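Below: a set of structures, written as structure tokens.
Next come two complexes, and both contain subunit A; in the first it sits with subunit B, in the second with subunit C.
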Partner chain A sequence: MLVKKHTPREPKLRNFGVAFLVGGLIGLLAEVISMILKNCFAFSTVEAGLIVALIVIGVASLFTALGFFDSWVSKCKCGLIIPTTGFAHSVSSSALEYKRDGLITGLGSNFFKLAGSVILYGIISAFLLVIVRLVIGG
Partner chain B sequence: MASFKFKNVYLNDYYTVVGPLEKNSHLRRLDLVMDDYYIGEKTFEQAEVKMQQLVIDNLIGKNNLAISDIDLLVGGDLTNQIAISNYSAKNYNIPFLGLYSACATFAESLIVASCMIDSGKIKKAISITSSHNLTAERQFRYPVEYGAPKPHTATFTTTGAVSTLLSKNYSKIRLESATIGVPVDLGVNDANNMGAAMAPAAASTIATHLAALKRDANYYDLILTGDLGCVGSEILKDYLETVYNMKLKKHLDAGCELYLDSQPTYAGGSGPACLPIVLFNKILLNKKYKKILIVATGALHSPTTVNQRGTIPSIAHAVSLEVE
Partner chain C sequence: MNYLMAFLFAGALCAFAEVILDNTKLTPGHITSLYTVMGAFLSFLGCYDKLIAKFGAGATVLISNFGHSLYSSAWQGYLEDGFLGIFSNMLCKSSGVITGAIVIAFLVSIIFKPKN
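Moving on, here comes the complex of A and B:
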């Protein structure tokens, strides 16, 4: 069809590469922070993991609020969205978007506009996996 | 098919305001420029209302008119219930007709106003159109700060507002004829490729216009389509050639002409303000264009219909301008 002929091809391989590198870098950074927490502050692995997640979420939300996370996302593709950073970003960008529409009708009801599906399907798939584990693992 | 000539309608004057990104684009003449997307207001919606008021106030002031001289205010924008136009129109004691044809609203407002002026029902009309990148993003896509990655077929909604003054009084721009388009839907359902959805509508209106008025494409010095973008323009040319056996040589697309390559606007500009801004601030400055056919194109979808996997119907309205 005509449309297909004239549609420019997306540089998918490049996008994958960028996303892979950026996502990997965030993971690496988080791992480094986790190591520091474990070795210098004597946190347990579980505690360190929690604190790292909090830091990453906090930083991502802060960057969204300061207004430059969105241009990073456009450049870095999904590398920034797939880690927890993306979840934090989707919530804080929705919050910013609807804050003028009132606390209940705006911010409240739209807070999880983008993240809602992640939460819902996250819970459902966790539930299903638990059942699978119960059946197989006993 | 509705193609008709106007006897005596002139575009007396116009006034434009453009956003920060459009300031550094290919535009060669600017009336007013916004330094940011808020222009002193609290929300983007209030900012767009202010943009419309600025262009109406300045147009009336520039021509030494009083509010009571204007018989009709006609126009629209991209937001739900064309709220922006309603909220700016409420500030004037002028009879108001709100229109919606998405990005074809500019041509639609010219046609409505011109018909009423030509038939002698009213004397002076102001047409108003605006779009604001961030109100449109919010309306049709994701939250503004989300910045979701977009494909190269996507277009960038232009920030700007345009008002035009129409009457029977002689001026250098004459509205010569017009064609009201039919909605066309060839099954494109990708809201990130609106150029592809709108190209067949543009082709249909161009072909109808030329056939009804017994002209060929070379009659016009320029056929200026609204906001197909660089991808959509190529589809239009190809589609006209395959389906209507017509070669489009003197064609430009406002969306493709507006932004610099270095600006992150994907396939070019879109939005109701895109066509008039490029027409008034770039095309009309080029004296070689005497007969111009403007073909404003609009995608008539809503976020709900797209989410329900609906296809995107489109429309295009054409207005022929004669410039002295």
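Moving on, here comes the complex of A and C:
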């Protein structure tokens, strides 16, 4: 009871607003960059999507390495976790954190520590859904 | 108009994730996995292509797009090469994101020192 009473209350409404704004801005920026790539440089939609994803990953990884992305993530939470920035941040932050344990036993074996669950459950669910679609004959 | 749609869609999904994070005991890891599975499921229902057509990069920049690209390339592989195609084609579209994340994160972690 005492612990519950003294735990600071999370400002849920503010978190909601911040996540909406930050997530929305990332979506907006990605759309702007992909429009520029498509209209000015004549890239196809697929190529533009890949370039945008690489830019987002590059910026998120660089900011993580420079040390200020962690505090952004703890402030904006889902606004930065749900876009591809979250994936890049989890990979590069675990790479940086475990680097001192060695290149193989540290960096190598902990590289996908946080992002592994996304890849695992993504592939498993995609595989099962394809099987389901085969069985129901879609 | 496209920009407004991208902003609203990406913002709405992030805000929805924030509601889940604040009101349950799930961690960010749970939520990103959940969104990936949800993306694969929406793709299974045939919705995700329509979402991308409507919201553009607002839909492709989210982690749920990863599930969509896994499912759609696995299905594409089945149509082209049969059952083995599911295995050989699964990572086809998402290869760019995974390889990009590996290469960039590796370079960055080699160059920079961790800050505590």
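What we mean here is this: the second predicted complex is superposed on the first by the 123 of 138 C-alpha atoms of A that agree within 3 Å, B and C clash if a C-alpha of one lies under 4 Å from a C-alpha of the other, contacts with A are read in each partner's own complex, and residues count from 1 in each chain.
Going forward, a residue touches a chain if its C-beta (ideal position, glycine included) is under 8 Å from a C-beta of that chain, and two chains touch if they have at least 3 such contacts.
Given the structure is predicted, the values throughout are model-derived calculations rather than measurements.
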{"item": "First (subunit B), second (subunit C), both or neither touched by A:71", "value": "first"}
{"item": "Touching partner for A:26 - first (subunit B), second (subunit C), both, neither", "value": "second"}
{"item": "Which of subunit B and subunit C A:97 touches, first, second, both or neither", "value": "both"}
{"item": "More subunit A residues in contact [subunit B versus subunit C]", "value": "C"}
{"item": "Partner chain in contact with A:132 - subunit B first, subunit C second, else both or neither", "value": "second"}
{"item": "Which of subunit B and subunit C A:107 touches, first, second, both or neither", "value": "second"}
{"item": "Overlapping contact positions on subunit A, where the subunit C interface meets the subunit B interface", "value": "10, 15, 64, 67, 77-78, 92, 96-97, 100, 114"}
{"item": "For the subunit B and subunit A complex, residues of the former touching the latter", "value": "42-43, 138, 142-153, 188, 193, 196, 231, 234-235, 238-239, 242, 264"}
{"item": "Parts of subunit A lying in touch with subunit B, wherever the complex brings them together", "value": "2-3, 5-8, 10, 15, 64, 67, 69-74, 77-78, 89-90, 92-94, 96-98, 100, 113-114"}
{"item": "Residue ranges of subunit C in contact with subunit A within the complex", "value": "2-3, 6-15, 17-19, 21-23, 28-29, 31-33, 35-37, 39-41, 43-44, 55-58, 60-67, 70-71, 74-75, 78, 86, 90-91, 94, 96-98, 100-102, 104-106, 108-109, 111-112, 114-115"}
{"item": "Touching residues on subunit A, where the partner in the complex is subunit C", "value": "10, 12, 15-28, 30-35, 49-50, 52-54, 56-58, 61-62, 64-67, 77-79, 81-84, 86-88, 91-92, 95-97, 99-100, 107, 111, 114-115, 117-119, 121-123, 125-127, 129-130, 132-134"}
